[in-house]
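Chain nomenclature is as follows: A, B, C, D, E, F, G, H, I and J, assigned in order of appearance, with residue numbering initiated at 1 for each chain independently.
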């Protein structure tokens, strides 16, 4: 099943650069791992903002939570989750 | 280039049913036409609401506007447009 | 899996009383049917408002959407859906 | 009587980890104690966010306040309280 | 126990005057009945708006709901309910 | 004349405990003084939040401002002031 | 004492023109009467909107309410009232 | 001097088509007249919405109001006005 | 021409008192200077909040910006600017 | 294609002045460079606020993102992006 997740990242300016960069690198690695696993299906950047729209394909809300709450940058995110489902006018079968 | 478009549809209760159904049928037909053309890339229903998240792949904002403002249900929609671009952590090449 | 659903009902004052009462009766019947089926797990009224908090136990967001969008009063509802999952501090096993 | 309580937890990034972990452990212990006492009836996590929806069964608003304001993480919470009551369409007797 | 209730009244301009006046008269009568019964403890008008702040002393949220949802003008109200309790700095004993 | 005042208190976590406690003690003392003087007519706690609804009986907005801005916790408050007046349906004479 | 009052006027498009014009004329007359009486001290139009900022000099919130609720266009207004008082840096004595 | 004006147009569905089309034609004519006069300096459509961002070069807020409130579609607009001025980093002299 | 300016002042609690007091003194001096010059026409305190409503009479938005951005407390203000103009029902000539 | 970008700048008071000034100087230089290149077409200051409205003429949302996210003050900005296109009533050809 699929969930739209919008993540607004706000890293406090007084977080040591070293810490911030390490978090970003770990975030990137984890995001790519999940994409290759077909879980993190889409990851788009909002033009002009440190925010993204993602679409996750997971077993359950619990699985979604475990993934998101485990992201390195999770403590610095405002997250909005929208449960999605197939639109009756969709012509695609793989767009669960 | 790609745009995230969220459409909240509110059809007034006093719109004659016949008119509403004709609009919905025309909307469905147009949406499927645009999907088959690869323009309306994704169309997901928000679970529990008469709303959707769509992703459009268009030449320009002008093209996007012509499509959206031409939709039969456009007069009854609250529309939110977010310009998207490739996320630096995305592993996909086709997710422009 | 479980979803919190908050429904704010606003029935237009110019909707014929007969129509409104028929919708309410059908809504009530459907709600009780779904509760007995264990799908509509909780249904609480917000004290002082024509609104409720419900908890649904469904197979997927799609199932949730089919149920909610099929409710007789759906056209007159503002609906807010929150995907829930087990809280790590919960002592209950049946509160999926 | 029952109250819906939504808790959004925001722990400042510059709170020493030790302090934060101690608070979380105490919070967990207190939450489980209240659940076993039948006061904290439901505790669900919002998928993807450090937030929960809870349902409390208490004697009065005063009792609710004493419980919530005594929670270890209370100083770091945005709390929204909604007084609930039995829905006329509810089929359950124990869902006070 | 006591609840703060803020009522914003919006009577549609196309509601026949006769109906509106009858509703207002019935509302007034019911409000005064409840005040004399000590249930509707305080009723203040927001200066400059068709809105009020009230304080109700009731047995439970259910009692509050039955009262508010039974008010003649209820269908035309936006209602906000806040559960109150004794403030630790209050010097009054009767201000439950 | 009377004013409804809602005070949301947010004490920064990095304010030394000693300072915070001294402020709270002074706030309590001042609040009780004003209540005994009949100025701070009502003081109710919002159940579950570090916030209150108060009703002040003062000579003028200026008097209200001098009182509120002089409260020890004023710098840590979000304050919302609503001018109240007698409701035409009120049966009380002393509820100015 | 003085109050800032912001009035947003929204006249429904299906209100007969004749009725609307009569209301506007009566509103104008009443506004000028109150200005000449020194009660409606300031009346400024928000550039580009059917809205105004006014400053009233009245005896009490009750007086303010009687004036505003008696305005012909009151039923079509969203009103925001802010109690004002003398600013400590003001050099004016007559700007109560 | 220049003002940014954002206009959100919402034409009620029950406004006769003939009336709506006449208003739109008159609006177009007036807009082009003002553009040629150098007053309506910029007029951009928000992609996907019946809304625009405009920049007006006028003598005063009063002039701006007279223009906007005289637009045929003004009664169906939500208008947001932002006073602009030269940015210290602007390299343009004519961007009043 | 005139502008309504609402200033919400939030001075961080960890700003050294000495700095804060110096800023406030400078702000007061500058405000009085501008009032005596007839530029800062009105300055009212919002009762109960560290906020004010002001009315400025300036040559242009640029002049307004230079004044406001030069205020000592500007960095700690949330500012809302509304362009005003003469109301057709105003009886005053000097209220530009 | 063109995008409206509104930037609200909030520089934390505890950011060393030296750092802040260096960022502002770099921001200014970069902004002027982009303006001279015809990319940053318009840059207006919101009168009274540390915010601007800009119009960018870029190849794609990706290009817009690279520019904005590369701005020295980007970490201290709240950014709102609106995709624009030619208004059917525009008389200008170069206002793409």
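FYI, a contact is a pair of C-beta atoms (placed from the backbone, for glycine too) under 8 Å apart; a residue touches a chain by one contact, two chains touch by 3 or more.
Composition by chain, UniProt nomenclature: A, B, C, D, E, F, G, H, I, J = Muconolactone Delta-isomerase.
Fair warning: this is a prediction, and the values are worked out from it, not measured in the lab.
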item	value
Neighbouring chains shared between chain B (Muconolactone Delta-isomerase) and chain G (Muconolactone Delta-isomerase), ordered by label	H
Common touching chains of chain I (Muconolactone Delta-isomerase) and chain F (Muconolactone Delta-isomerase)	G
Interface residue overlap between copies chain F (Muconolactone Delta-isomerase) and chain G (Muconolactone Delta-isomerase), same or different (over half shared)	same
Selected pair, out of F-G, B-C or A-C, that shares over half of its residue contact pairs with F-I	B-C
Distance between chain centroids, defined by C-alpha means - chain C (Muconolactone Delta-isomerase), chain D (Muconolactone Delta-isomerase) (Å)	22
Interchain centroid distance [CA atoms averaged], chain H (Muconolactone Delta-isomerase)/chain I (Muconolactone Delta-isomerase), Å	28
Rounded Å distance between chain C (Muconolactone Delta-isomerase) and chain J (Muconolactone Delta-isomerase), as computed from the means of their C-alpha atoms	45
Residue list for chain D (Muconolactone Delta-isomerase), restricted to those that touch at least two other chains	2-3, 14, 45-48, 61-62, 64-65, 81-86
Full enumeration of touching chain pairs	A-B, A-C, A-D, A-J, B-C, B-H, B-J, C-D, C-E, D-E, D-F, E-F, E-G, F-G, F-I, G-H, G-I, H-I, H-J, I-J
Residues of chain D (Muconolactone Delta-isomerase) defined as touching chain E (Muconolactone Delta-isomerase) within the complex	1-3, 60-62, 64-65, 81-86
Chain F (Muconolactone Delta-isomerase) to chain D (Muconolactone Delta-isomerase) touching residues, read off their complex	11, 13-14, 45-50
Chain A (Muconolactone Delta-isomerase)-facing residues of chain B (Muconolactone Delta-isomerase), complex	2, 4, 27-28, 31-32, 35-36, 42-48, 52-53, 55, 82-92, 95
Contact footprint of chain H (Muconolactone Delta-isomerase) on chain B (Muconolactone Delta-isomerase) as seen in their complex	3, 5, 12, 14-15, 61-62, 64-65, 68-69, 74-76, 79, 81
